[in-house]
Amino acid sequence: MSEKELKNLEEIFEARIARDEKIEPKDWMPEKYRQTHIRQISQHAHSEIVGMLPEGNWITRAPSLRRKAALLAKVQDEAGHGLYLYSACETLGISRDELYEQLHSGKAKYSSIFNYPSVTWADMGAIGWLVDGAAIINQVPLCNTSFGPYARAMVRVCKEESFHQRQGFEIMLTLCNGTPEQKDMAQDALNRWWWPSLMMLGPTDDASVHTEQSLKWKLKRKTNDELRQQFIDQTVPQADLLGLTIPDPDLKFNEETGHYDFGEIDWDEFWQVVKGHGPCNKERMKARVDAWENGTWVRDAAMAYAEKQAKKKVAKAS
Amino acid sequence: MSEKELKNLEEIFEARIARDEKIEPKDWMPEKYRQTHIRQISQHAHSEIVGMLPEGNWITRAPSLRRKAALLAKVQDEAGHGLYLYSACETLGISRDELYEQLHSGKAKYSSIFNYPSVTWADMGAIGWLVDGAAIINQVPLCNTSFGPYARAMVRVCKEESFHQRQGFEIMLTLCNGTPEQKDMAQDALNRWWWPSLMMLGPTDDASVHTEQSLKWKLKRKTNDELRQQFIDQTVPQADLLGLTIPDPDLKFNEETGHYDFGEIDWDEFWQVVKGHGPCNKERMKARVDAWENGTWVRDAAMAYAEKQAKKKVAKAS
Amino acid sequence: MNKENLYNYILGIADNSLILAQRLGELCGHGPNLETDIALTNISLDLLGQTRSYYQYAASVSGDSKTEDDIAFLRLERDYKNVLLLEQPNTHFGYVIGRQFLFDVYHLLFMQELQKSKDETLVAIANKGIKEVSYHQRFSSDWIKRLGDGTKESHDKIQEAIDALWRFTDELFDLTENDNTMVEAGIAVDVSKLKEKYYKSVAEVLTEATLTIPESKFFTRGGKTGTHTEHMGYLLADLQYMQRTYPDMKW
Amino acid sequence: MNKENLYNYILGIADNSLILAQRLGELCGHGPNLETDIALTNISLDLLGQTRSYYQYAASVSGDSKTEDDIAFLRLERDYKNVLLLEQPNTHFGYVIGRQFLFDVYHLLFMQELQKSKDETLVAIANKGIKEVSYHQRFSSDWIKRLGDGTKESHDKIQEAIDALWRFTDELFDLTENDNTMVEAGIAVDVSKLKEKYYKSVAEVLTEATLTIPESKFFTRGGKTGTHTEHMGYLLADLQYMQRTYPDMKW
């Protein structure tokens, strides 16, 4: 392809996106578009499956049968999200094994929030309420993103996430309406998850490297700081409703802007966790790698069996 | 050695035993004496270390700090007993590795009682009271057995065992003086451990293969049935003191004999457990083999290090 | 037959579902791939659903203020009546599948018979559950075949698991005194009659999977009378943790 | 400084001994050989003895009817203040020795300073404990050398453990608000001042053991303020099992 032809294709491509047309896997796309999408979709998929771990930690200890079943179902949904997202990613010409390899080797990232430990039952509430809440704010705009398979996966994901978010809030509400010990547990969970949740919306705009290009491709529709403000504005009244105190002495409603002002985020902590030095990075990665490695013989068996069966069929047919 | 010389040596040997002299490792002894002692002493050593497992099972869950420390110390004593007994056995010309190999391969036996699970805290009481009680009855006569190292080890073992037995009884007493739930727990433990404890004294005399020879060598001083009767006569009044019911409807004091009559023992169960099909035979053996195999690299390291240090010393000296 | 007999009978069934669901719950997020992870979680969810129906029924039978959670979380170890098979640990995936398969074949036969019970609520639970259980059995049987007739390694591993778990199968067909009373009342399944069919079905799948049917005639029992293996206490310590630590609260 | 400060300070020390004793207790009967099994149990027993002295003192300070067992078994996870290092699991013998060594070096320095406290009871406990702890440190240092300078396999395994546990060491030298109050009162050890000596001692042993001193400057903390790793909940579920299941009884 000549340089001119390439430029032409790129122009047509950008025009399609500008017209809000969906790009499908078989369509021509710039290599950078493909790579950026592989990076983002797989990162998202990895976040789902690593995100199973802090919640999975409480399945055996859930305090009632109803909560146990709901938690199991929620963690299972996350596995399901992982599945759609890996599938969407595979349409871009990368295999699931390669994607796992990137995760296990540390080359691919996942959402840093899952590197914090889940230390009490109230964390199941806080994760649903805050973490899923922040995730939805990140993800809703992606239902209209330009890459078709990703956009469609997100529609499904967002619907379930918002169910999870309500469920998390309801766990918090039950605790806050419960005994003083339960309310303490809820407040403690909010204290620990609040700041990491704010960090989930990504670094501040001036530190964010991918924003401009991502806005053009509709992988982003708002900047990180806008999303963060939206999350805070939405969450503070919910905390009030619960009767919990957001652990930020600088938090205050600004009558002029109509938004909440808030205190400084500890970006050193953020970067430390991103770089692999959070409280549970090692544990999370070990859990994933162990699951994968302990499962090798199982996957091999399934493959060997399928091949034997296929051969038998062929033998019969001939 | 001519047959006559051998016979002569044997006669001198038997005479020494008859005079209650101790046989020491360096003394001449008939091969059968050596083999019988290796079998019995190692079986006894194995019983100590397998016996650590049912009690070890409750260390992390002991109900008070005092009980936790006492239980730890008790299980540690059993390791100590294992250590003396293996050492005594090694004087007969067999290595500890060979002895372990016999245990792990199933060639050597250990006391079948340890193939029952410890399912409640009260089992820590019942094991001390009944199992150590029966063990003492088996073992006290061995303090005067003919083989010196074994006799001396037994003096030490018996002293500690009787401390353990009192401790076990005291656990039972505390439970029996406690709440109804605690008393139920104690009764339940007695129900489960009573019959296996009776079996600990060995098969009935007519089914016992080693008795006659063992009596001569003072490896036994009473028959299994005599020991069993002694155990029952001693234990029934203790159960009365605790206010517990021995789970044997046929148990009754016989004014004529001055002993307790008792019901039929389920010898099928006994032989099934001896042959490896008790409730925990597989788990016990797995725990021992795992400990040994997981420890291989550690023992190898210690050996390699010791060799390096020895070489360094030699190098320095020369 | 009285109320207490019925109550105990329901618990005997329900505890099986609870304990297996709990074991499967440990695996969530740690499966050999996402599809299997999701499938095992599904089974756990089905079993938990059944558990809740049974305990809710038991709670209503008991007539006192007990809830499903009191029954699930606040009994002593000796009062859980699940069979020993189901409390065995997730040693490796072969054990997970072996345990599931050895139970599913029984569970399906059991549910089919429970549909004929004179107790309408149990029939309703069985009618709903039987579809789930037949899916479980298909799932575990398929995996028995995949592992048995997969690679050398998988063959050895699933054979090892079947051999190790085999000794817990005979207990499935024991009848407690309470069971006998309930069989006479036409409510309980006479599980002793399922034995032959069970071993036949199991043998068929194992054979197709190129596995050897264990020959041992020595079996371990005790779960139905509440004498559990040493694994059970640790399972309960986790299961009961919250309810024991924070008594009398709503969640 | 008030009574509550002292109470909390004692617990902060005692919880370290309790949690390490508990972890070591898990190993009893499963050691690589009898001699090591006995030695590790000895350490566990020493630590339990210290724990009891501390808690008994704390109970007397609290002035209410609390007993050592109430303190040991009936707190919520967030109220245990042991450092994260000590709750880490017995992954393999390298981790057991690595954890022990990284704590023992600190513990000995700590005990030496505690002997200078203005609180007589703490001084008495330290006087008694210091002999035990210096034995522990000798034991674990010797094993660090054996494993480090033993075989290739043992070298790699102990290095792996040291590398993995290293990130929990910095927390040892944190001072909580309560600690600061107690340091000012002349009762607490200013652990922040032990840091340099600690890393020097550790480095000496690691070097002699032919091991590499980890370079990471990233550390994990939280135990001293009660935010534990996910291992802690399971440890407590077992530790507290009996007291939670059978409340208010004597044992």
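Per-chain numbering from 1; labels A, B, C and D assigned in written order.
In the analysis below, a residue touches a chain if its C-beta (ideal position, glycine included) is under 8 Å from a C-beta of that chain, and two chains touch if they have at least 3 such contacts.
Because the structure is predicted, anything quoted here is derived from the model rather than measured.
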Discussion item. Spelling it out: a chain qualifies if it touches chain C and also touches chain D; which chains qualify?
Written reply: A, B
Worksheet item: Is the number of contacting C-beta pairs greater for B-C or for A-C?
Response: A-C
Worksheet item: Of all the other chains, whose mean CA position lies farthest from chain A?
Response: B
Discussion item. I'd like the Å distance between the centres of chain A and chain B, where a centre is the mean of that chain's Cα atoms.
Written reply: 58
Worksheet, complete the sentence: Per the C-alpha centroid definition, the whole-Å distance linking chain B and chain D comes out as 35
Worksheet item: Residues of chain D that touch two or more other chains: which are they?
Response: 76, 233, 237-238, 241
Discussion item. Please output the residue numbers of chain A that touch at least 2 other chains, ranges allowed.
Written reply: 61, 181
Worksheet item: Chain adjacency by touch: line, ring, star, complete or other shape?
Response: other
Worksheet item: What are all the chain pairs that meet the touch criterion?
Response: A-C, A-D, B-C, B-D, C-D
Response to the item:
The answer for chain B against chain D in the complex is residues 49, 52-53, 56, 59-69, 72-73, 75-76, 79-80, 82-83, 86, 121, 171, 174, 178-179, 181-182, 287, 290-292, 294-305, 308
Fill in: Sites on chain A touched by chain D in the complex
54, 57, 61, 117-120, 181, 188, 192, 272, 277, 279-280, 282-283
Fill in: Complex contacts: residues of chain D adjacent to chain B
22, 25-26, 28-38, 41-42, 44-45, 48-49, 51-52, 55, 68-69, 72-73, 92-93, 145-147, 149-151, 153-154, 157, 238-239, 241-243, 246, 249-251
Discussion item. Which stretch or stretches of chain C touch chain D in the complex?
Written reply: 76, 233-234, 237-238, 240-241, 244-245
Worksheet item: In their complex, what parts of chain C are in touch with chain B?
Response: 76-78, 164, 167, 216, 218, 220, 222, 227-230, 232-233, 237
